[in-house]
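Sharing a structure here in structure tokens format.
To keep things simple, chains are lettered A, B, C, D and E as they appear, and every chain counts its residues starting from 1.
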Amino acid sequence: MTENLQILAGGISLGCVFALLALGFVIVSKATGVFNLAQGGFVVWGAYSTYFLHQQVGLPFYVAAVLSILFVALVAAVMEAVAVHKVASKNLYTPILVTFGLLMMMPPVVSAFWGTGQLTIGDPWGLKVIRIGEVAITERNVAVIVVTLIVVAVFGLFFRYTRLGLAMQATALDPEAALAQGVSDKLVHRLSWAIAGALGAFGGIMLATAGGVGLGPGLEEYALLALPVIILGGIESPLGAVVGGLIVGIIQQFAVVYAAEDFGVGFEEVVPYLLMIAVMLVRPQGLFGTRKVRRI
Amino acid sequence: MTGGETGSQSSEGLVVRDLTVRYGPAITVLRSIDVEVRPRTVVAFLGVNGAGKTTLTRAVTGMLSFHGGSVISGDIRWKGRSIVGLNPRRIVRAGISQVLEGRRIFAELTVDQNLSVGGITKRNDNALKERRDWIYDMFPRLRERQNQMAGYLSGGEQQMLAIGRALMQSPELLVLDEPSLGLAPSIVEHIRDTIAGIREAGTSVLLIEQNATMALSVADYGYILSHGTVTKEGPAKELLADPHIQSFYLGLDEDTGELDAVKHGATA
Amino acid sequence: MTTGKPLLAVRNVKLTFGGITAIKDVSFEVEKGEFFAIIGPNGAGKTSMLNVLNGVYKPTSGTVEFEGQPLLGRKPADIARLGIARTFQNLALFEEMTVLDNVVLGRHHFMKAGVLSGMLWFGRARREEYEARRDCMPLIELMGLSDIRNELVRDLPYGVKKRIELARALAMRPKLLLLDEPVAGMNGPETAELASWVLNAKRELDLTIIMIEHDMALVTKVADRVLVLDFGEVICCDKPSVAVNDPRVIRAYIGGTDEKVINQATAGLKEGSASTDTTEKSASDAKKESVSTATSEDAS
Amino acid sequence: MAVDVSPGVAEKNSASKHAAPKLRLVNSRAGRIGVAVFIVLIVAFPLNFGDTYWLGVLNSAGIAAIAAMGLNVLTGYAGQLSLGHAAFVSIGAFTAQYVGGQLGLPMIVWLPAAGIAAAVVGAAVAPFALRLHGPYLAIVSLALVAIVVWVARNIPSITGGNEGTFVTAEATLGPINFAELSIGPLSFVREQGMFILIWSMVGLFLLLTANVMRTRAGRAMQAVRDHDIAAEVLGVRMMRTQANAFVLSTFIAGVAGGLLAVNLEYIRPDEFGVHLSVEYLAIIVIGGLASLWGPVLGALFVTMVPVIVDIFSDSLPFIQHGGTDGMSTTDMSLLLYGLLIVIFLLAEPKGLVAVIRRIRDRVRPPRKAAVNSPA
Amino acid sequence: AQNSGGGSGGSGELKAGPGFDAKTNTITVGNILALSGPIAATAREQLAGQQAWYDKINAAGGIAGKYKINLITADNAYEAQKAVQAYNEIKDKVALLSGVLGTPSVKALIPIANRDKMVVIPSAQDASIKDEPQLLPTFSTYQSEVANGVSYLVNKDPDLKKAKFCVLGYNNQWGEDINEGLTYITSKWGAKVETFAKYGPTDTQLTAQMQQLKSAGCEIIGFSGAANNVPAVVSAATQLDYKPKWVMGFMANATAFSESPIADYLKENMIFTGPGGDLKGDENQTLKELRESKALNGAELTVQHIYGHIQAIAVTTLLEKAIQNGDITREGLTKALSELEKVSFNGINGDVILTPGNRTLPHSTTIYEYDKEYSPYGLKAVESNFTAPEGIDPKF
């Protein structure tokens, strides 16, 4: 029992990391209709700039983290302005590849500055553990879970109740019509990228903590792990990202223990995809997605 | 220039002077156009498909650059200030709003949310609420459907929504691009009355129409656009009476004979 | 009209979407060779009715028979094969394909060749392609599309697109042609031109037509019978001259409060029946240079 | 250039009433010369050009071009965005080794078998795709990659499991062994023979896709892409069309996989991952979606540009060589390559095909198009 | 093993092929590795390690007193297909390949190397390639390493023979290798591998695996994984308050760990295995010189440097033999390889015995403990060139 609770706790924090990474995709997709592969780059930048500000400049960790998140948000917005905006409404394919090109460019820049070795980001959580009854959970995981929940709540409210949230949805649906109502598509697009950048950066920082995988090259790959989560939850639904993340995280963790041997090598790696397909068969728009409106 | 009957100062309202518009490097669509929309008037624009009517609306509402077009020469003044090069947001805030050709409602937002987007530049919630009620009164059909995804509305309902959305901004100049397209006669009539009502309420209207009978019957003044230039203009009544215009732009009933021939050929 | 077995029989069709009833209870019959119009206020369920006829929507209840065969439960593609073609209210062309390819697609179900023989450009595939193009060329010429047949549809003006849609539907050699607001967005002469093409095609190809249209002048002129829908229900189904004078139709559709609207709508009817002389000019000529001298009563 | 059924220029006034347009695949003299040159080059070029490095690069490009042609059928012509293409290439590759290597059957058997195996799986997944659109399909198709890698890792008797397998299938056609080509007294290196094989296949598939796309089945795919409901209402059977697109696309992918296997001589499940799928997508977008030559041009771009950039960045002064920190040549070329993709797509979202078309139009102005303003 | 004698190779008699510049008497050797991405740090250190040895040989006048060695690289991005491209890029410029990083890349090159008669020194520890005729493998296998590591622990504390032995490893061949080595050595005292917990290289959360190991009561765990997996391992173990003995490969260490919170756990619970010896001591002259070499550019000596050094020693040993034979063409080098009986590494690695068709890879392994004070690399040799007294299966 304790064992299972322990695995559940692990699954929840893993799920929250997935959710954070997925949310970045979801925001951009919801507001601009672009499927943004560069998200992985934000993860890298967030982690390394925090390292730089904390370990090299000497700022306190939290200050460094907040500054990095802001910095990456800015970088993301600039990227959107310079490279993506022009092709955003072209078709589905061109923006995917432009963002792929952007993704390719980011790690080399990082490794030019910080080399290719493993680094220590110096987070305050370290390996500290909180025990609740028999179940133990690292402080870092608590931080991930808490922040994820806050972020998601904020987003839910934001999209439902604010003008800007509405503007974002409208722009995604029809940029010209939104523009005609006085909604600046540029502002909306940039803002959504900035948010995605901030989320990616936060995800990156958490991944680079000692309780994560550490800071090193290849961090951008982790963003891709969130892809099945996005679909499972529904590509335009922040809530879906979270529920999807939790489902995948928890089931994957249990699969590691209870199913791996019977289903062959590498089963837990396909678990997210199998879950995604299972959901797709029943609900092609994902758990919380809405069906595309089409009529003739 | 304009032989209109209203003799007010031309620094009021919308004044387009010598406007030339081009798409890309080479496609010139409007050539030296002069247009004027005075306060509290309805001005109709007629012309065959591709004449450049929509392009004119884009020039006025700042949407040209979105389509890769630009003003090459000339000026557009709104209430005395040049609005060439302003972005659509500034223009909306200056009091010009538009109904795009082809409805363009937000298919995956509800009817209500569509209206909210329409009023997005306005801050006064009470005023918005009143405005919304006013629109629902004007189009009761929309009220019935207010929580439905707009994409599922019928063509005509979508057109009503598009007009309603533009009116949410309480504009001083409303630019309508083919508002009667696909509407039932009673609704066309309704919209005609609405346009007249809007004018009475102090808003001027730039009306682009294929349904010339409808347009000229509500307009004060009219322009005929052909291949990017104004080939004729005048008070709406005069245009309506002009036999050339009748034969080109007015309703089907003029051509009775031919159709009957074809149809009778069928039965013969 | 001839009686006997109708070409199309719609009985007690009901269609709902979630909580919304698009069609309440509609029954009507269309005879072979008839020009049948459907009118009604926006959102009355006209387009939905066409969608039911060609299988895009599945009605909640009711039956539809075409030439005695039930249509419900068949896929749109199968219904097309039975000989029902249509055009769309909001244009549904293949934008990234050429005009010619769009029209040739109308021949799709008359052709049989699959991927393999197409790949090898051999035998049937090759023969069929030649035949399909040969069959489509007259239509393309008829609609005045010859010069642009290799252009991509995307860049063409609205009016031209409407003509391509019609050509594409006619290429299917349908028995029953469904037209959803074919002249929306066209001015008078353009409307006349299109109407004359439709009537020509009807005669030459022996078509039965169901047309949705808000242009009452056109409806009164070309239709044999008019079905009037309101809120998904039939409020009238009769000759145009009868329908437009039906008070319920006037109230629901044409605009009951305002006399002049009725006058406007019925103007064509009166004129049409009054006028007997015919002109030799083709409709397309009329659209171009010649200035018609016909007069009309001023609507306002 | 692209699939073109246009009549000769002389016919443009359609003097001949109701004459069906001619259906020549290549309708201009320049075009026909081009085709002839292409065919001659496939044989003449490798035999006179011995640089195995560049031949090797071109061989990779050729295989990528074939695989991308398959993706172009699905994504370009049929409008289904897929990031799962690498999975089908890998099925083809392992099938080729199983049939050609383990069973020892000749190329005339293993090459089609590679295509068919991939196509069978393609046909099986086609029905799912019908319900999905846009990014949904893209990501769901990613699952294919993950699943195929997982399966391949768990059937070591065929795939060699994690560690992969050497490829012993032989590239022989009757007496011709492309891996050890010799003509009379002349014998050629492997790359030269493989060039002839690979680029002949490129030519063959160019012809086959061109034919499909100008005939009934291919037209239906494009129609479904542009407007599925309208296509259905015209009598196009969605399911069949979708399945056609998947089968054709994956068949081509499988054949490409077979060629990749013999060319590489060693294959491993993990090599056919997401990055490969993205590369194929990059090829068709950079080359030009839904165009015949797009995949070929795109493949040349995607395989040769990094090589050229590499050579170029090698000579940049501030680059670190050897084992110490600093930006390596590799990082530099990754950076430049990413930058090139971005710049190129911003400048020409329609791809290399559009660039070439523009250049051609500048050289030889197109005939006036009678578009717009129906006067 | 550096038989610097033998003046038999006058340039007049030397038959040379690609990679030899007769004007400068320079022999060029090539490296195929990834200089970007997660593996780049490893690659760079290996290169520096190779360069250090060549510098030393060149400074002493070169092989046979006159032939200098030049090192060039090509990038494989850690992909097999790119490795083939990289191979074609440099093959005409090199006499042999002094390093190919990554087992997949090595395997992809085997058929080509066989055809071209190219000799390749693989940077791989895979037992399956040890008898490939064109390869000159130099390292002990993963199997040997983990076996030695566990044997070391058990011999220090015989009570541990009754411990429960487990594996936490990648769900790929590397994990299988560790499992195989551990199964082999534990069978010597009648034990077995209780649990093999698997994870993917990109897994961030290892709580479930750790719970699995803990529940099974594992006390000694063989690990396969890279440095970037270790924080997650330590985090999960700490979370569960779980402290078995871990036997890690040297690839699992990173300099950065010494200043990170995981250092204490490493020190208490982990030993590392690999080639080399006392990284800071002076007993071994080769290590000392390597540590002070210019090629390291002031960096702290790591096992990866030694790894590269070992490859370079193998290269020069082979070249000496070939030069003695008067033939450094591809065929000549291949022949020299087939004639070479063994390669020795000055005490930084066990001997490779090159019995044709049945080679024996080094069975000895240096055992390191982790100590962050021994910083910053943190590996402190507690036993140099240790071979399990139980013996190592010759097939490893």
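As a convention for this text, contacts are C-beta pairs under 8 Å (C-beta built on N, C-alpha and C of every residue); 3 or more make two chains touch, one makes a residue touch a chain.
Molecules present, by chain and UniProt name: A = Amino acid/amide ABC transporter membrane protein 1 (HAAT family); B = Amino acid/amide ABC transporter ATP-binding protein 2 (HAAT family); C = Amino acid/amide ABC transporter ATP-binding protein 1 (HAAT family); D = Amino acid/amide ABC transporter membrane protein 2 (HAAT family).
A quick note: this is a predicted structure, and the numbers were derived from the prediction, not measured.
Participant: I want to compare two interfaces, A-D and B-C. Which one has more contacting C-beta pairs?
Facilitator: Between A-D and B-C, the larger count of C-beta pairs in contact belongs to B-C.
Participant: Measuring between Cα centroids, what's the chain most distant from chain B?
Facilitator: E
Participant: Taking each chain's centre as its mean C-alpha position, how far apart are chain B and chain D in Å?
Facilitator: Centre-to-centre distance between chain B and chain D: 48 Å.
Participant: How many angstrom lie between the CA centroids of chain A and chain C, rounded to a whole number?
Facilitator: 50
Participant: On a C-alpha centroid basis, what's the spacing between chain A and chain E, in Å?
Facilitator: Once rounded, the distance between the two centres reads 37 Å.
Participant: If you average the CA atoms of chain C and of chain E, how many Å lie between those two points?
Facilitator: 77
Participant: If I count partner chains per residue in chain D, which residues reach a count of at least 2?
Facilitator: Answer for chain D, listing residues that touch two or more other chains: 153, 161-162, 229-230, 325, 328, 331, 334, 372-374.
Participant: Could you list which residues of chain C touch at least two other chains?
Facilitator: In chain C, residues 47, 56, 88-90, 92, 157, 159-160 touch at least two other chains, as defined above.
Participant: For chain B, give me the residues that contact two or more of the other chains.
Facilitator: In chain B, residues 48-50, 152 touch at least two other chains, as defined above.
Participant: In their complex, what parts of chain C are in touch with chain A?
Facilitator: Spelled out, the residues of chain C in touch with chain A are 47, 51, 56, 88-90, 92.
Participant: Considering the complex alone, what residue numbers of chain A touch chain E?
Facilitator: 3, 6-7, 9-11, 13-14, 17, 107-108, 111, 115-120, 122, 126-127, 129, 136-138, 140, 207, 209-218, 221-222, 225, 249, 253-254, 256-257, 260, 265-266, 268-269
Participant: Okay, in this complex, where on chain A does chain C touch?
Facilitator: Residues of chain A touching chain C: 296.
Participant: Residues of chain B touching chain A in their complex?
Facilitator: 61, 63, 66, 87-89, 91-93, 97-98, 100, 104-109, 113, 116-118, 120-121, 149-152, 165, 169
Participant: Along chain D, where are the residues that touch chain C in the complex?
Facilitator: Within the complex, chain D contacts chain C at residues 5-6, 12, 14, 17-21, 23, 25, 208, 211-212, 214-220, 222-223, 225-227, 229-238, 244, 247-248, 290, 369-375.
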